[in-house]
Amino acid sequence: MAQKKYEHIQQEAYEANMQLPKLGLVLFTFGNVSAADRALGVFAIKPSGVPYEELTPEKMVIVDFESNIVEGNLRPSSDTKTHAVLYKHWENINGVAHTHSVYATSWAQAQKSIPIFGTTHADHNTVDIPCAPPMSDEMIQGNYEYQTGFQILNWFKENNLSYEEVEMILVSNHAPFTWGKTAAKAVYNSAVLENVAKMAHFTLSINADAARLKDALIKKHYERKHGTGSYYGQQ
Amino acid sequence: MAQKKYEHIQQEAYEANMQLPKLGLVLFTFGNVSAADRALGVFAIKPSGVPYEELTPEKMVIVDFESNIVEGNLRPSSDTKTHAVLYKHWENINGVAHTHSVYATSWAQAQKSIPIFGTTHADHNTVDIPCAPPMSDEMIQGNYEYQTGFQILNWFKENNLSYEEVEMILVSNHAPFTWGKTAAKAVYNSAVLENVAKMAHFTLSINADAARLKDALIKKHYERKHGTGSYYGQQ
Amino acid sequence: MAQKKYEHIQQEAYEANMQLPKLGLVLFTFGNVSAADRALGVFAIKPSGVPYEELTPEKMVIVDFESNIVEGNLRPSSDTKTHAVLYKHWENINGVAHTHSVYATSWAQAQKSIPIFGTTHADHNTVDIPCAPPMSDEMIQGNYEYQTGFQILNWFKENNLSYEEVEMILVSNHAPFTWGKTAAKAVYNSAVLENVAKMAHFTLSINADAARLKDALIKKHYERKHGTGSYYGQQ
Amino acid sequence: MAQKKYEHIQQEAYEANMQLPKLGLVLFTFGNVSAADRALGVFAIKPSGVPYEELTPEKMVIVDFESNIVEGNLRPSSDTKTHAVLYKHWENINGVAHTHSVYATSWAQAQKSIPIFGTTHADHNTVDIPCAPPMSDEMIQGNYEYQTGFQILNWFKENNLSYEEVEMILVSNHAPFTWGKTAAKAVYNSAVLENVAKMAHFTLSINADAARLKDALIKKHYERKHGTGSYYGQQ
């Protein structure tokens, strides 16, 4: 019998997943979102390959941070282990999203970080959006989705990036992953990333020598949204 | 009087055809889908030039694998003979789709196979999406649509491609054809192809030297969806 | 008092104009369509600058082939004289459409004819879609819209093009004009042109050396839709 | 208690803001529009970070031309000071709009003015759409949004541009601002700018050497809409 104690994250994960087609970020089932409850040590994630129009909150699968299925009759997303690794090692995130959105995925396929060209980007973070390099054959042939999580963690560590400041990454030849304090925030980040990826592509098409944003402007825009004296939004 | 025995494939073909405008794959009537019944030795196909909003299941024309009209008052799609040739020679397909979707058609017009740049592609097949060369003048001036079928068959044979693994092709200067176990799967493949074609185009715009996916990753992604130990989807 | 005798072309022009926003061919009021009645020697055309959502059949202005307003309280489209010139000199057209659709207009701004790269194009005509050169300062400073009509007529004459076979043109630095046997056909041609313009742009992005369609295929596709032995559509 | 005397500009600002998502000009809350009443010396502007679906006329914040909040419980748009500066110095505008629309923003990121390539552009103004250079570090670190207003004013002054003829600008590395006699006109200009930006990008992709519009045509198109003998639209 389904346990009531997971209903809130199932509902949260359901609503976040349903935003993906609404925001134009997925074709068919090429995406998944999860929502975690740190106290319970689990997350709710989309079942694998189920069309969005057939999703219900009850169908969300409950998984712990070691990738064990805790509750649910359906098989969880094939990317579940990547979600689990991120939750386990990054203690302040409660939502993870993965899409194959067109422009972000194209940058990942091009194996290029997305240069910070404007304030739309700087409103969200202060660095080029990182693109983790292709995984080694050993990582791929082994526990692939689990290793994908480590590829992300390692790239952040090697490049001194903070997962609390930069809530998105491209995995080379694959596609983007995003995260945040909530599942809704993770999805929001997926949409922002797609928008930034699209504009960076057009920017380079218009001017192949386009310059990165100057430091003063990067700092200003990020701080007006996220600094201690932030004045964007309502509080 | 219309025979009840074809109703199921007429319904299947009707529903599959109606997906084309919904998925943004066609302008006006520039596309057609068919659904076959192997036991009956026939397929149901869209009538030629009839707008999607006027389609009904009853209007689907019943044709055999030699391209003879078996039932129906309307003229079948002008591409009917291509469908018939594919059904006749490829015994395990029951659906064929043809569109002039924008990005896939642009690759066909560019006479380029679509390089395998990412896992979205590798989730569906392990090779560059083949582009059959332009047909000879003799083939064009002869029984054109019939020969288009052979152009596809021959290209698969010459390149040792399996139609059960690679369910899509571009015909140079023309447009894509896709197929599958069902008409719905053929349409699904048309949408995937368009998506992959779009991202491959952007990938090369971002990085003209973008590298093909490494073999280990191609194998991994394809097998997690299609291998014996597949773990994508619900069984 | 409004005369009943123009109601049929007002209705036809109204319906054709309303297709422009539906087909994504116009922003705001940047387009207009007219429908002619040869026996009455007049055409009905969109009033200038009126938003599509406020259009009604009665608001269509009746104009003769010398550009005189015959009936209507509103000012006709600013492009009216171009329509009138085309009707006057090309006796077998009864509809004219003008849009600033994005891709076709971009080709016009680039001052390039659209190369015939595929069968989508060849299904409609057998030549590169012509781009008339920029008009002389004298033509522009004079009776501009009237001269735009002659710019089109002259380009067809100089290049031995038949307006019955090629139902579309780009006017350099301006935008496309299309026409046909009916206003609905003119609008259909605008949508086809936009589609062809889009794919030709992507084709060249993918392969800067893309080859024009071979003659045998041009001929075949055009004839299967338009030749004496045509077999596309329902008769 | 809310004062009735601001209701008309709150309503105007509300309606204009709601056009932004409808016209596809904004993602999430990345845009804002204001409507001024010159007699009252104030303008109504979107509250910061509030989703469009939660907006109501009452939520519009009333601000004076020195950026002081006159009425409203919500924090006004973070770009409020830029609006205030423009209203204060340009006496004949009553509406200002700011978006991060994709193509216009890409030109701003590329730090390029948009060349006048066609009549769609010339119908609205007679010059390249100006791109103000990046602001100095001093301006950014100081009163940033206030200085953004001066960056715009100064660029117009230095280049002898008239804000009544050219109702739009790109701010380098940031995004476009537009204005007009009404808030609705400012939004209209944002949509026109996005459309022109898109076509200019495609024009250069098709022909890297595309020529600017010839002077005679620039003059003609602008005057038929805006000159003393204008004949576009109804009056």
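For reference, chains read A, B, C and D in written order, and residue numbers begin at 1 within each chain.
Just so we're on the same page, contacts are C-beta pairs under 8 Å (C-beta built on N, C-alpha and C of every residue); 3 or more make two chains touch, one makes a residue touch a chain.
Bear in mind that the values here come from a model prediction, so they are computed numbers and not experimental data.
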Starting at subunit A, figure out the least number of steps needed to reach subunit C through touching chains. 2
Between copies subunit B and subunit C, are the contact residues mostly the same numbers or mostly different, with half as the line? different
Taking CA centroids for every chain, report which one is farthest away from subunit D. B
Rounded to the nearest 5 degrees, what is the angle of the rotation that puts subunit A onto subunit B, matching CA atoms? 90
I'd like to verify one number: the distance from the centre of subunit C to the centre of subunit D, where each centre is the average of its C-alpha atoms, in whole angstrom. 33
Multi-partner residues in subunit C (2 or more other chains touched) are 204-205
Along subunit A, where are the residues that touch subunit B in the complex? 27-28, 30, 47-50, 74-75, 78, 100, 102-103, 105-112, 134-135, 137, 140-141, 144, 173-175, 201, 204-205
In the complex, subunit D touches subunit C at residues 117-120, 188, 191-192, 195, 198-200, 202-207, 210-211, 213-214, 216-217, 220, 224, 231-234
